[in-house]
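Below you'll find a set of structures to go through.
You will see two complexes here that share subunit A, one where it goes with subunit B and one where it goes with subunit C.
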Partner chain A sequence: MKRTLRIGWSLLTATAMFAANPSSIKLLNVSYDPTRELYQDINAAFAKQWKTKTGVDVQVSQSHGGSGKQARAVIDGLQADIVTLALSYDIDSIAEKARALPANWQSRLPNNSTPYTSTIVFLVRKGNPKHIKDWDDIVKPGVSVITPNPKSSGGARWAYLAAWGYALKKNNNDEAKAQDFVTRLYKNVPVLDSGARGSTTTFAQRGIGDVLLSWENEAYLALNELGKDKVEVVVPAISILAEPPVAVVDKYANKHGNGEVAKAYLEFLYTEEGQEIGAKNFYRPRLEKVAAKYAGRFPKLQLFTIDELFGGWQKTQKKHFDDGGVFDKIYTPGK
Partner chain B sequence: MGACSTRSTRLGNRLHTFKRPSILPGFWPAFGYTAIYLSLIVLVPLSAIFFKTATSSWEHIWTVVTSPQVVASYRLSFGASLAAGGVSVAVGFLVAWVLVRYEFPGKALVDALVDLPFALPTAVAGIALTSLYTENGWIGQYLAPLGIKVAFTPLGVIVALTFIGLPFVIRSVQPVLADADQELEEAASSLGATRWQIFTLVIFPLIRPALLTGFALAFARALGEYGSVIFIAGNLPMKTEITPLLIVTKLEQYDYAGATAIAAALLITSFILLLGINVLQRRTRKFLEPA
Partner chain C sequence: MSVRKLSIELFLILATQVVPVKAQVPDPQTPEQKIQELERKVEDLDQRVRVSDRTRELEAESAADKARSGATVGAEPTGITIRSNDQNFLLKIGLDIQLDNRTFPGESSVPFTDQILIRRARPAISGTVYKYVDFYLRPDFGQGSTVLYEAYMQLNYFSRANLRVGKFKPPVGLERLQSDDDTSFIERGLPTLLVPSRDIGYQVSGDIVKRRVSYTVGVFNGVPDNGLSDASVSDHRDYAARIFLTPFLPNTNHPLSGLGFGIGASSGNDDGIPLPSYKTFGQNTFFSFASGVVAAGHRTRLAPQGYYYNGPFGIFAEYTLAEEGLQKGTVRRSIAFRAWQVQASYLLTGDKKGFTTLTPRKSFDPKNHGWGAIELAVRTGAFSVERGFFDYGFGTVATSPRSAREWVGGVNWYLNRAVRISLDYGNTNFGGGATAATGGNRPTERALLQRFQINF
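Then we have the complex of A and B:
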C-alpha cells in the first residue's frame, strides 16, 4: 500500500516536472573513437539552435571508445539517448540484443541514417620514404603497416574491407586472390591495437610503421597535430565509402523524455550548418551544396560501398570477422 | 524434544571437530566475517562467471576454449607468467638481500622504489616500457643490432610481467630475511660450513616458503595482467595475444558466453596451480617446524 502511494507520488511529481517544461535537458551521445572533436563542435551549435527555437538549454555529454565496446556498453545498460557509431552492424547489435530501438532504425533518417561519410586513406612518414602510392605498395615485403584489430575496431574493419575490395576489383572478383592480398597485407602488420586512436598513437607517437591505414578525418587530424614536417596523407586511387551511422536509442530517449530533442539533434546533422561542421572536421558531407564548397578538402577517388561489393554488414561480419571467419584464417597456420 | 537435543549435541560435536580447540576466543564471529567477506568480494563475482558460461552449450564452450587461437594464448600467458615469476624470484631475492643485509646511502629511497610498480597505473607502465623497447626506443635501439627484439614479441610480454611482479617477491622475502637469525649463520660458519653450504643449508630453507609465496603472487598477478601487456605485446593472433586480451575481444564481439568460458578456463587452471603452490608451501613449513 505504502509502496503504491510512493510510486503514485513520484509519477505525479514526474508529470508536474514535464508540464513545467524543464529549462534544461541532458542528452548522452555514445560515439566511436575519432569523433571527439566533431561532436564537441556539433553540440555547441545544436545547443545554440535549440535554445533560440525552444528556449531550453541542452547539454550533450559525449562518450567515446572503440565502436564495438561502446555498443556493448549500451547493450549492458549505458543509457544513451543517441548512438553515433562506426558501422551499422554495431547499432544492429543494440537493436537485436537489447531491443532498445526497432530493427528498421536505418530507414528512419535519410541516406541509411548516415549524415556524413568517410573513407580509408594512408598516413606515411614525411617525404614518403617507402614510395607508398597505392594499395599494391603496402603489401610489398619490408613495408610495415599499422592498423587496429578488425575484431574490436570499426575503423579497422573498414580498412580491411577497403583492401579486400581493391583486390577484388583488380582481380576480376577473384575471392582467392583477394584473400591472398589481404593475407600479405596483415603479414606486414607488427602490432594490432584494439582501436583507431591506439593505432594512431603507435604510428605517430611511438614512430612504429611506415604507413597507417586510417580514417580520412583521423589522418588529417594527425596531420594537424603532428605537423606537415612529420607525416603526409596519401590518398589511394580507390577505397571504401565508410558510412558511420547515427540513431536515436528509443528505449532510453523515451525513458528520459528526450525523444523529440534526440531526433532533432540527429536531424541537425543533416542541415547545412551541421554538414559544414562535419566538413570542417574532415567528414565528407552528403549535402551537394556543402560538398561543392569543401571540394578542395576531399580528394576525388573512386569509392565503393559495402552493399555493392559485400552485400551489407550482417553478411560481411559473418564471413570475415566472426570467430572462424576469414580474418581468423589469415592467422591460422596451414589453412 | 529429546531427539532435538541429541541432534543439537551431535551438531555441537561436529562443530567442535570443525574448530580445533583454541584458547583464543571469538572464533565464530571472526570466521563468520571471513566467510561473508570472501563470499561477497570473491565468490559471488567469480560464480557469476560460471553462471554466464553455463548459458551456453557444452559443445560451444569446448570449441571456444580449445580453438587454436585460444590455446596459443594459454601457452603465451602461462609461459610468460611462469618465466616472469621465475625472473622475479631470482632478481627479487637479490634485491631483498641487498636491502636487508647491507647499509648504504639512499637505502630508504631504493626501498620505496620497489613499491612503485604497485602504484603505477599498469597502462602507463605498458606505454613506458613499449617506448623504451621499440626498435627506436632508448634501450631497443641498442638491442636491435644484436638481433634482439623485445617490443611486440613474447619477450616483451615477459618484460612487462616481470616489472609488474617484482615487488611481490621482494616484499615477501624481505621480512623473513630480516627476521632470520644471523647467529645461525655464524654458528654454521664456526662449525666449518663453507659459504655455499651456509646459503643452501641454512639461509635458503628459511626463506623458501617466502620465495614460493612471492612466486605464487607474482605468477597469479601476471596471469591476469592486461593493461601493461597489451601495449608491448603486439597482439598478433597465434603469436602475441595473451588470454585476457582474447576475453576482451570476445566481449567486444558480443560473445559473452565465449568470453566467460575462457575466463573460467583460466580461473580453474590458475586455481589448481595456486593450490599446488600452497600445498608445497605448507609442506616446506612443516618440514621446518620442529616436530
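Then we have the complex of A and C:
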C-alpha cells in the first residue's frame, strides 16, 4: 500500500512539475506595420538567450498592421502578450478601454518604455526627378505624396505631425499657417493606405507617387530591397522624434502564464544585443554605446518631440485625429 | 491587357493622329519639346491609372476586412437573426403566440366556461456570444400574467459536456421536454402533470457514443409538479438526471433510426414546496389537496419514456411515478401518484414526423399547389393516486378523484414551419369520487379545443 502511495505521489509531483515548467512557451507580439524584420531578428536572439538561461523554448508569433488598427484588435479581444506599437496613445487606449494593463504602463520600462526611436524621412525615385529636398518641396503642386491614413496608421500620425511641426517652426508657431501647410500636403496625396507597409507597397511596387513619407527604418529597408538604382532616401533638415513604445499586456500575459517571459522579452530590447539588432534594422538606439557605434548609419537632423510642440499624445489625438478633428477637416477622399 | 496599358496606347494613337493636323499651323515647340510634353502627359495618365487601380485594390481589402468583422441580418424560419460574419455572434428574435378557443359541450360540462384566450404570448431572445456561449430569454404574457419561463446561458465548448445555468426545463418528462409547438396536441397529457415545468439550477448534458446516447444531470431549487418558481423555499435541492438512447440514429436511413427510449428521474427533499393542483385536458382543476396539507419529506420521480418515428408515422409513450412526501398535522406519509399516456400520429400529406419541429415539404401556397401538412393524432392516458391519499386525509373524495382516464383525438394543419391550426376533442372520465353534492364520481369532461399558433 505504501509503495503504491509513493508511486502515486511521485507521478503527481512529476505531473505538477511538468505543468509548472512547460518545455515551450508561446508569446504573441502585436506590433505595427514596419517592424516585421526587426522582430524576426529579436525573436530569434531572445529565444536563444531564454533557452540558455532557462532551458525553455520560446516561440514568438507576430501580428502586424496599422498601429491604431492593431490597438483596436487587442481592445476587441486579440490576446496579445506584448504590444509594440507606433505610439503611446494606442497603448493608452488598450489600458483605458480594455483595462488590459495599468495606466502607468509607460513608467515600467526605461525611456518611457521606448527602447528605440525613429523619425520620418522621404523616399524618392532614383535621381529625385521632382528635386525634393525638404518639407516645402512636397507641398508644391504636381508633387504626388504617398503616406498612409493617420486614422489607422501610427507612422502616418508621426508624418502628419512632422509636417505640422516643421510648418509651426517655420512660421513662428502660427497654427493657421501650419494647418494650411498640411492641407496643401494632403491635397498632394492621391491614395491613403491603412498602414505604413501598404504605403511602401503603393510607392515601391505599384509605382505610384513621387515621394513616400516613411519611417526612417522603412525607407532604408526599401532602399536595400529595391536597390539604389531605384530609390533614394532624402533626409529633411527637421523632423519629429518618433518614440514607438512597448508594453506587456498584463491581462493576457498573466492569463497565459507568460508574465515573466514577456517582461524579459521587452527588457531584452534594452540590452546591448537588443539595441544592436535595432540599429541594424535602422531603429535609432537608446544605449549610448550602441548609438555611438552606429552613428554613421543615422543622418543628423534637428528633431523635435511631440511633448515639445504638441503637448503630448492625448491632446494631439483629440485635436487632430479623433472623428471631427483637424485631419477630417483638411482631407477629403478623392479630392 | 490592363486598363493602364490600354489607356496609354489609346493616348499614343490619339497623339499621333493629332500631330500631323497641328503641323499645318506654325508651332513654337521643337520636336524634342513635343516629345517631352507627350512623355509628361503619358506619365501623368499612367499615374492616374495606377492610382485608380490601387484605390480599387485598397477598397477591395477594406471590403474584405468589413466582411470579416461585419454582420448579416437574416429572416429565417426559426426567427429574425443578426449574425456576425465570423459566426462568433448571433442574436435571434422569435415569437410564440397561441390563440385558443375552449368549448365544453354537453350537460355535464355546464360548470366550465367556454372561452377564447391568449394561451401563450412569448417573445424569445436567444443567440450566441463568443462562439461557445448560447443564451435564451423567454417570458410569457399569456392569460393576463407575466411569467419568466426561460432565462439561461449554456457553455458549448465541450461537445460532450455542455453546461447550462439559469431557469429552464429540468430533464425528467419526455413530453415536457418537447417544445409546445412540436407536441401533437393542444394540451399536454397526464404524465406531464407530475414532472417539473421550469426550475432554476445547473445542468450538464451531452451526446456521447456517436449521438447514440444523450445524458443530462442537474441540480435545481425544486418546484411543484408541473410548476415553476423563481425562488427556493428551503435549503434543500432537487437532483435530476435523464439518459436517453437513440441506438440507430447515426444511420438516418435505418428503419429504426427514429427509435428513442430512456428514463428521467428526480429526487430531493420537498419540505415547504407549494402543493400543486392537477388540471384536465380542458385546463380545469380536477385534483387538489386538502387544507392543512404540506409537502414534507422526500420526493422521487421516475419517468420511463420512448418514441418511434418513421416517415409520416409517430408513436410516443411515457409513464411517470411520483412519490411525494406529505404531512397533515402529525401524519406524515409518502404518497404515490401515477400517470401514463400513449400517443400515435400520422401525417396524411406524407411529411416526415419527428420529436422536433415539423417542416412541411410544401408550405401553404395553393396557387402553387402547396397546402402545408395535415396530421391526425390520438392519445389515451390515465392518472391515479394511491388510496392512502384519502385514508390519511391528504385529500377528500368530495373534491378529488382517485383516478382519471382520458382520450384525445385531434387534427393539425401545419401551414408552414411557423404557423399551425389545431382542433382537438378530449374526453376525461373520473373514478373514485370528486363530487361533493352526490358523493359520486366527477362528471366526464368533454372539451373541444381549437388553436391558432405562430411560432418562430
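Here is the rule we use: the second predicted complex is superposed on the first by the 311 of 335 C-alpha atoms of A that agree within 3 Å, B and C clash if a C-alpha of one lies under 4 Å from a C-alpha of the other, contacts with A are read in each partner's own complex, and residues count from 1 in each chain.
Please note the rule applied: a residue touches a chain if its C-beta (ideal position, glycine included) is under 8 Å from a C-beta of that chain, and two chains touch if they have at least 3 such contacts.
None of the values given here were measured: they were computed from a predicted structure.
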item	value
When subunit B and subunit C are modelled together on subunit A, clash or fit	clash
First (subunit B), second (subunit C), both or neither touched by A:Asp193	both
Which superposed partner A:Lys151 touches (first subunit B, second subunit C, both, neither)	first
Partner chain in contact with A:Asp307 - subunit B first, subunit C second, else both or neither	neither
First, second, both or neither for A:Arg206, with subunit B first and subunit C second	both
Residue contacts with subunit A in the superposition, subunit B compared against subunit C	B
Touching partner for A:Asp41 - first (subunit B), second (subunit C), both, neither	neither
First (subunit B), second (subunit C), both or neither touched by A:Asp134	neither
Interface residues of subunit A shared between complexes with subunit B and subunit C	190-194, 206-208
Of subunit A, residues touching subunit C in the complex	144, 190-194, 198, 202, 206-209
Residue numbers on subunit B that touch subunit A, as the complex places them	64, 67-69, 130-131, 134-136, 152, 230, 234-239, 248-249, 251-255, 258
Subunit A to subunit B touching residues, read off their complex	66, 68-69, 71-72, 75, 93, 97, 149, 151-152, 189-194, 206-208, 321-324, 328, 331-333
Interfacial residue positions of subunit C with respect to subunit A in the complex	47, 50-51, 53-55, 58, 61-62
